Structure formats: C-alpha cells, structure tokens
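In order of appearance the chains are A, B, C and D, and numbering begins at 1 in each one.
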Amino acid sequence: MTAAPRPTSSLTPEQVDLSCSMGDLALPHPMMTASGCFAYGQKFAPFMDLRELAGLSTKGISPKPRFGNPLPRICETAAGMLNSIGLENVGAEAFLAEKLPFLADLGISVWVNFFGEDKDDYVRCVEMLNAGKGKGIGVLEMNISCPNIKKGGIEFGTVPEVANDLTRRCVEASDIPIVVKLSPNAGDVPAMAQAVADAGAKGVSLINTITGMAVDVRTRRPRLATTYGGLSGAAIKPIALRMIHQVHRAAPDLPICGMGGIASGEDALEFLMAGASCLQVGTSNFAKPIAALTIREELRRLMAELGIARVSDIIGCIEPIPAEPAWSPTIPGT
Amino acid sequence: MATSPSQFQSRVVDNRSLRGGYVVLTMQGPTDPAPLADTVPGQFVMLRGDWGRDLVNPRAFSVLEASADGRFSVMLKAYGRGTTALCEASEGAPITVTGPLGRGTFDTPSADGPTQLLVAGGVGLPPLHLQARRAVEAGLADRVELLYGGRDENDLVLLSDFEQWGVTMHLATEDGSVGEAGFVTVPLARRLELAASRKESVHVLSCGPTPMLKAVRTLALSREVPTSLCLEEEMACGFGVCLGCAVPVYGERSYEYCCTDGPVFDAQRVRWS
Amino acid sequence: MTAAPRPTSSLTPEQVDLSCSMGDLALPHPMMTASGCFAYGQKFAPFMDLRELAGLSTKGISPKPRFGNPLPRICETAAGMLNSIGLENVGAEAFLAEKLPFLADLGISVWVNFFGEDKDDYVRCVEMLNAGKGKGIGVLEMNISCPNIKKGGIEFGTVPEVANDLTRRCVEASDIPIVVKLSPNAGDVPAMAQAVADAGAKGVSLINTITGMAVDVRTRRPRLATTYGGLSGAAIKPIALRMIHQVHRAAPDLPICGMGGIASGEDALEFLMAGASCLQVGTSNFAKPIAALTIREELRRLMAELGIARVSDIIGCIEPIPAEPAWSPTIPGT
Amino acid sequence: MATSPSQFQSRVVDNRSLRGGYVVLTMQGPTDPAPLADTVPGQFVMLRGDWGRDLVNPRAFSVLEASADGRFSVMLKAYGRGTTALCEASEGAPITVTGPLGRGTFDTPSADGPTQLLVAGGVGLPPLHLQARRAVEAGLADRVELLYGGRDENDLVLLSDFEQWGVTMHLATEDGSVGEAGFVTVPLARRLELAASRKESVHVLSCGPTPMLKAVRTLALSREVPTSLCLEEEMACGFGVCLGCAVPVYGERSYEYCCTDGPVFDAQRVRWS
C-alpha cells in the first residue's frame, strides 16, 4: 500500500488533452474560477493572463445594486473559511455597462452568477442580463442558495418543487443557457438536481458553501455579524465530492461544474473522476491569485504520470472497490 | 500612484526579537525590480509560509521598511496561529508575499504643512514608523511627532530609531512604567490643547488596536482636528476580491474596502459608534 | 483587534465550577467521549483513569451482533477523516454480559448508543437494553443516522415524521431516558430536533458525521469500500456549531450534547456558548487517548482567564454583534 | 506478553538518510521504564509530530529497534504528507509516540525449529530486520535467511547489518541491478524448491507492500509452507478502538484487527483473493 502503483504507461505532459465540455459548451481545459472569489476579473489581471482560464464566474449579480453585510464578514476555520458577504454587487445594469466589456474581450467562457430577492426578481435579473447575449455572456449561473437573503430564500435551494418552478420561469425568460448552482444545505441534492434539470437547466454547479458558524469566546459573540456564514475550502471537499458523485450517478447526462476546496491537480482529478465535467476554483484564489492556472498544470502533469490521455476519458470513471472473497467460518479447502 | 501588486517568493533573512514579544521579520524578495521598492507608508503585504491546508489565507502586515535591493521587513507579535508561525520563522524559511497592497494615503509632510501627530499602539507602529522615516529622509524630522502608548515598558519598541532620528516622542503606559500613566489619548489630549492654544495646525495619523483608534477618533474629532486612521479588518485576499474587509463609511457607498480603498481612512468618514 | 480583550476579572482555575447538567442528568464537568471513538472503554484504561470522564458513549449497539464493512473503512481528509465502519458491534446481549459490568464500576454516566435495522429492531434493542437499568446504563443514545444501513435507514434521520414515530415507539418501550443523536444530513435539523423532543426524547446529541467521499486517483476507486462514509473532525466544527445554535434557539429547553471536531478547551467553550449542555469528544481520541481530559483542563484554565465562574453561566450565552450606526450619504453633523 | 501501550513524548535524536529515499529516524523517549524496551518484532508505534489540525491521525511504523535506554528507531520513506513531515524531522523535533502496539506474533526461532525465511520489500523490512537481530542475539543467525526484493539497487537498504550478522541473503531487483532479476518471489520459489528437495522445514515470515504479500502468500500456500504476514492497513488509533484497520479473515469473525489482533497474521486465515 505504501508505494503508489506505478502508471502502466505514462505520457509526456504535452500528450495530455485537457479539453472538455460542459454539455454543449466546449472548453480548452476544465479550470474556471468561482463566483465571489474572482470579483469581476479585472483585479486578477496584475497576477495572470486571464485568457488562460477556461472561464470564470462573476460575483453574484442582482437586478439592483446591493450593499453588503455588516462586518465581520469572514473568519477562518480549520482548513476552511466562513463568509457572509451579503451578495454585495454592482447590479445588472452597471455590470453590463462597466464590467462585461472587459470580460467579453477575454474570449473565455463568462458565467454570470445571478440571484434575486424573490422569484420575480430572479426573472427580472434574467431579462436584464439577456442584453448580454452575444456581448460576452456565455452562461447564466443561477444561485439558488442565498443563506443571506431574508424573504424565504432558503426554500429556493432546498425544496425541489420550488426550485423547479423558479428555474422554469428563469429558463423561459432567458436567451442564454442557464446552469443552476445548487445548495449543499438541501437534504436531498440529487432530487434538487433532477428538479432543475426537468425545468430546463443545462447543468448544475456543485457545491455552494455550507452554512456554518464560529464563536469568539472572548467577546461571547459570533465571529460573523450575521451569525451564520458559508463554509468553503478544503474542509468541505469530501462533502462536495459525495454530492457530485450522487448527482452524477442519479443523472449521468446532466453536466456538473464541480467545486469545493479544489487546491491541487490531484483535487481536480478527484472531482473529474467523481463526475464533474468542468471545475471552479474559489477560496484558493485568495491565497494564490493564479491558483486555477497552477492547478491546471498540476493536473496536466498528474494525468501524464498516470497515463491518462484525455480529460473526457475519466469523467465519472470511478469503479467500486472489488468485493472481498466470501467469508466462511473455516478456511476454504481445509 | 501605488505600483500594481504582484505575488512573489521570499526568504526570511533575519528574525529579530524585540522586547514584549515583538518581532521584526526581514525577508529578501526579488531584485530589479524589487516589487516593494516604492511602498508608501500604510501599504501592506499579505504573507504566507508553508502552512499546509489548515491555515487557509495569508496574513496582512504593514510594511515597516522596504528597500530597492529587495529586502523588506514587517513588525509583528504572536497573536493566533499565523502570526505565531511567522514569529517562529527561522532564517531561510520560504514566505509567499503579495504586495504592495492598499493605497496608503497618509499625507506626506511638508515644510509649511501641519505638524503630523503619529499616534501609535501595539502592532500599529509600523506604518507610522515608516511615515517618520520618510519624513526624516526628507529633512522634515520636526514636522512629525510620535505619540505612542502601551500596557507597559515592554509594549513600546523601536524607540531608539525615533531618538536617533530626532523625532519628538510622547510616551504613555497603562502601568505608568514609562512616560505618562494611562492610554495614549492622555498625551494626545494635552498635545492638542497646546496646538489649539498656539493656533498650531496639526494632523492626527493613527494606527493601532481598534479600541484605541476609536478613542483617538472621538478625541480628535471633538477638537475638529483632521485625522487619518490606518485600519485593520480581517482579510482573505488583500487585493479587493473577497469583499471580506469591509469598512463601514458615510458617503455614497455604505462600505468601502480596507485593502483597496484603505487601509488609511479619514476618521470623519468612518461609520463607527 | 489584534490584541484579545483582557478579562475584566480573572479567576484561579480552582475557582472555576465545571459542573453542568444535561436535563435531569447532573455531570461533574461537560467532557464525555463519543460513540464509535471510545469502543467500550476498556481499551483506554492503559492511558487514563476512566473515572475522570463525565461520561462516555459506547460504540453503537444493535440487537444482534454485527460484522463491519469491507475495507478500506477509513481515510483522512483535510482536518478531518472519513469512516465507514459499518456499525460493527458485539450485540446487546454480549454488551450487557461482557461490557456493561466494567462500565458500571466506573461510576460515570454511561450512554449506550444504539440502533436497529428497522423500526421494530430499534424497539427490540431498547427492550433488551432495559435490562441494563440500574445496572449502569444512564442514557440510551439513539442513533438515527446510519448512512451505512441499507433498509431505508436514511429516512429515520432526515424525515421529521418518521423520526418522531420511531422515537415515540422507543421512548414508550424504554425504562431509561433516551437522547436522540441527530443526523447533520437532514435538511432541517431544528425540525428534526422538535420532532424527537415531541416524541419524548430527553435531549439530542449533535452532530453525527456528515456523509462524504474521497477518491484515489491512482486506482480510480473511492477511498472507502462503501464509497461514502462519515466525515468527522475539525473540518466539520463550523457546521456542528451552526446546527447546535439553530436547535438551541428553536428549542431553548431541549438539552443538547454537542460534538463535532472538539479538540481544545477553546473549541469546548465555543460549543457551550452556542448552546450545548455537555460535550463529547470523538476523533480526537485517536491521536490522543486522553484528549477529553486535557480538553477539560484547558477549558478550566480558559474559563478562569476569561473570568467565567460556572459552566452554567455561559450555555447558549452568545449575543448578536451590535448593529453599526445607520448609514447616511453625508457625514452626520456636517 | 506484550506490555500495555502508553503515550509519551520523544525527541528526534538522529535522522539518517539511506539510499533510495529511505530514512532511519531515531527518537529518545523516557527511560526507566523505557516504554518500548520489550517490543517484539512486528510490534509498531503510532507517531505524530507538531502537525496542527490538517493531518488528523498519527501514523503507524514498525519498530526497527528499541533499547532499554529509551532510544528507538523506525525506518520510513516519504509517501504522503505525514511520512514526508517525518522524513524531514530534524534533531530535537518533538514526536508524540503511542506504543508498543500490536501483538506481533512471529515465532521466535529456535535451534531445532524450522528455518525462517524473512521475505521483505520496501518499508516492510523493519520487523524482519528486528526478527533477524533478535535471532542473532540468541546465537541463531543460521536459523534465519533474508529474501529481499526491490525496484533497483537503491531500493535495498541496511544490507550491511545482515552481512555483519552473517545472515544469508537472497536479493532480487526488478531491473536486475542487484541479485536476481524480478520480484522477490523468484528467489523465494527457488528457496522453497530447495527446502522441499532437502525435506528442510521452513517458515515464511513476510512484510512489504500488499501486492508483494499477496504474491508471497499465493506462492507459499501453494507449497503448503506455514506463512506469517505482517500487514499494513490504514489506521486511525492503533489500539483497537476506531475499528478502521479491519483485516478480512476466515474464522468465527469475518474481520480481525491489524492493530490489536496483528499486525502479524497466518497467511492461510487472511481472506484475500
């Protein structure tokens, strides 16, 4: 067990084909960046050539601009962090006018993450963002898990019927493919995935942050002003992998954009093998602005070492561990 | 004016322990160009060692000094896991650095400008130490004065630099072991009195623990003295993308960002009780 | 912010009163050990004086002995671990005959964690364990989250109505107080807590492990033979704290035994302040058999430093962070 | 017979790099009593350094040697995070130790007993190295023989000890750089042939990577040679409480535990394909 099995036939990194596709969407490689962890892109320009990314997901956009939550908004936990930013954003209009042109020029897949205060507001947001069709918006990533939104927003992300209806209305209103970003706080995530797929979603993004909390024992107060926040980072990776695998098994044809603690090429490969078609890097961007690109190169090298020629060869490829020989109270053949 | 940030590798070249548990950590980064060469007082860096997956984000530290040869230093004290790891970092330890960050907008002192009262506490000293250094380099040692408060004698460090520079110091310790007994607001109040009686124009530039900044703000604003505060908020990224480091302000936006709009803010605009 | 506020009045560790109570159950201090992480106690005897514990929860007991799952059964993740032991146990009869006497002699609170294959099996287990009344069993800790059990076991832990009925039947059959251990995989944990409280549970244990997964990219197989397993350790602490706080707010009179990544005195204090009445240490026992006792001493010292005289003073004590002054576009008074 | 385990602190006193990336790590633990003094071959310890919260559980290592003065050593190679950290542990590094663990039930060699064929691979050498050492100490160097396989020359270490002890060695490397070309089963097969032709009674004692153990098991059982395997399973606790280290067996129970029932198991009873 100690020695990792050596690859049967290993390749050179150049021989590895990283191209993949999320449904109809063809991507040069699987590595995108995640909503809320990449702002509107520009701020990363000093660190990297943004055109190297397969794509990016913007900070969540709402019809009207939104101020954020009071502070503190973030705190670190074991191998993770909690955030309660409050879905602060410039609003759809300003986004289209001031942020989209820059993103359009990059020529990468631009996913506009969006949400509304209520169902009508979601639809309004879609209608406003339709203006971005052909102007650079490739996908509308619909965030139905907004723990920070009051008005019964929780149900959007946890009740299949509600999610189905909301998704259908947005899909009908939209000229752009919609991918629904599911909440890991739902009791039955595969049911949620099926519900939004039935409503016409082109795929799902998994997972959003998991609601968590931390306590400052000195002040006797929560560490976040909103008490609860979203947990992200390596800590949630096993939960993300489980949900992605469950959804992929239940709906093999539904493309999944996987995320949740991805920080290395090996992490990325785990997600692909569990059933994700492409990937987003979130929290890792904060410590390392070029994380998505270093992960891409680690993935390339690891695939070469393991003799994996194409990303498309290994999506959802994991096989169960073979059963042990049947037990018997006596040693067979004695 | 601030140069755009980059992320680079550095190595610890010196770990100097001061009294009171304070440490000056000096690192060697790339040369020509030295990414931090043009750092202005108040700007900061995000530092991260080989911390594995447990500690997720880098930690923010004001630049104490940065030279053209790629050397730079920060001053810190063990607080939680990250600062403890950094305080124990030995020579040669690899440190990933992002910077220079923040706009850092302390006014530069001028011969005919107001006297700058640098009000420091705890690990808030570095940006004011750099501000004083730059003033001295510009031959304006008399335009800045240090007002420095701590719990006790051991809580006041790097005093010899200011002495050497000939910068006037007003010290205060809670236990009275050095300077005046009480918080730094005691000498500050008197100094503002004096300024008022003299019709001397003064500015307050302050950095330190938030409770101290709140007291300084209240005092200075009550005297209608222009005041700049260098703030500390929890940060994940340091370059304006996580939106974690919000600072509540008055103005068209309800929040600005410590890392990109600050860390120096006009005390009047800060929305504090 | 850097400097932690100094305690207004600090105490000596001797002045700190750690005694607490879980409903009617009085405990000398909050630190117990968690089910499945302490076997049946004996194996820890070489490392510690077991009588120093406030109590312990046994490995989950079923009416009949059970063999465990195929291997691998465990794997480590970032700040956590996955396990799929398969609820292996000696069975109620052997437990009463061989394990209980040793535990009874310790004179500490013995919680017998139990489960069944189906509702009748749960009741059967209770009936068998009733024999332990007065013979050392203090509490029956009913585990309704057995991801590893086939027969629709999932519903016990995720559907309030099902949990309510199962709990009522067990409570009616039981001569011993029942505490229900809830599953964090439920969509609405406070609803689950209310459902079991209504059915007569004396309290709840929160949280059990969260279902997760890890992938071995070299073998292209899951790291656990059962594919999915339960995530425990520091990684899940923020989720545990959130659920405990939610349940405590929703049902302040329902005693909560808190657990999920507790490894230090500060962790323990966070759980108490969030609303737990007593605590269990699980995963930490593996690296440090005496973890629960060192945590107790850390808790004592920390409480002294913070000037907290009694555990009972701070259970569920956390207050919201005060609101910021109202925003206005212009500076007030200008 | 095995002394009950305890947990104690130790410090690294020597970190000796062998070829092929193998390391012998020596630690100093408490003296009188030295917790590991009576360790028998096959018993192991759980080791953990100052790893923070990321690496959760200690790691298991067979005892290579343990003396009455509280010193003990293990042999390892960097595999994942934990072994890498241990391979880099410098002198003075604190290591928390739990042990001695396991029953470790290799038969002790005797003058009129069977010849013990010690079949080793990779990091499986330590328990067999200790078995040989004890045989030599008992003046029974001729009752044990080492059969040792690796990828190449660098994969075979501590050979000089066996030479010095006068223990017969049969080496094999996959690239043929030392000894026979192929897996260790090549010399093993021939040695079993010879024993059969001589009517010599032999026992196989083996430790190494699981694929090797499976091959050794199949070969030895086909020749009806009594075989003991020292197994490695993932472990969280090492003392029988997590039930993570299950070993599938034939017998009244379907699983036994590597840490408490083993790590040495009768090859016949192991339920392997």
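The rule is simple: a contact is a pair of C-beta atoms (placed from the backbone, for glycine too) under 8 Å apart; a residue touches a chain by one contact, two chains touch by 3 or more.
Owing to the predicted nature of the structure, the values given are computational and were not obtained by experimental measurement.
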{"item": "Joint neighbours of chain B and chain A, given as chain labels", "value": "C, D"}
{"item": "Starting at chain B, fewest touch steps before arriving at chain D", "value": "1"}
{"item": "Farthest chain (mean CA position) relative to chain D", "value": "B"}
{"item": "Averaged-CA centre spacing for the pair chain D and chain A, given as whole angstrom", "value": "44"}
{"item": "Whole-Å gap between the CA centroids of chain A and chain C", "value": "31"}
{"item": "Averaged-CA centre spacing for the pair chain D and chain C, given as whole angstrom", "value": "37"}
{"item": "Residue list for chain C, restricted to those that touch at least two other chains", "value": "4-5, 67, 70-72, 78-80, 233-234, 324, 327"}
{"item": "Where chain D touches two or more other chains, by residue", "value": "53-55, 233-234, 248, 254"}
{"item": "Chain A residues touching chain B - in the complex, by the definition given at the top", "value": "36-39, 43-44, 46-47, 59, 67-76, 78-81, 83, 85, 88, 233-234, 263, 283, 285-290"}
{"item": "Residues on chain C engaged by chain A in the complex (per definition of touch)", "value": "4-5, 67, 70-72, 77-80, 82, 158, 185-188, 210-215, 217-222, 225, 227-228, 231, 233-239, 241-242, 245, 261, 266, 269-270, 273-274, 302, 306, 314, 317-321, 323-324, 327"}
{"item": "Interfacial residue positions of chain B with respect to chain D in the complex", "value": "52-55, 81"}
{"item": "Interface residues, chain D side, partner chain A - complex", "value": "53-54, 77, 79, 122-123, 209-211, 232-234, 248, 250-252, 254, 268-269, 271-273"}
{"item": "Interfacial residue positions of chain C with respect to chain B in the complex", "value": "1-5, 78-79, 322, 324-325, 327-332, 334"}
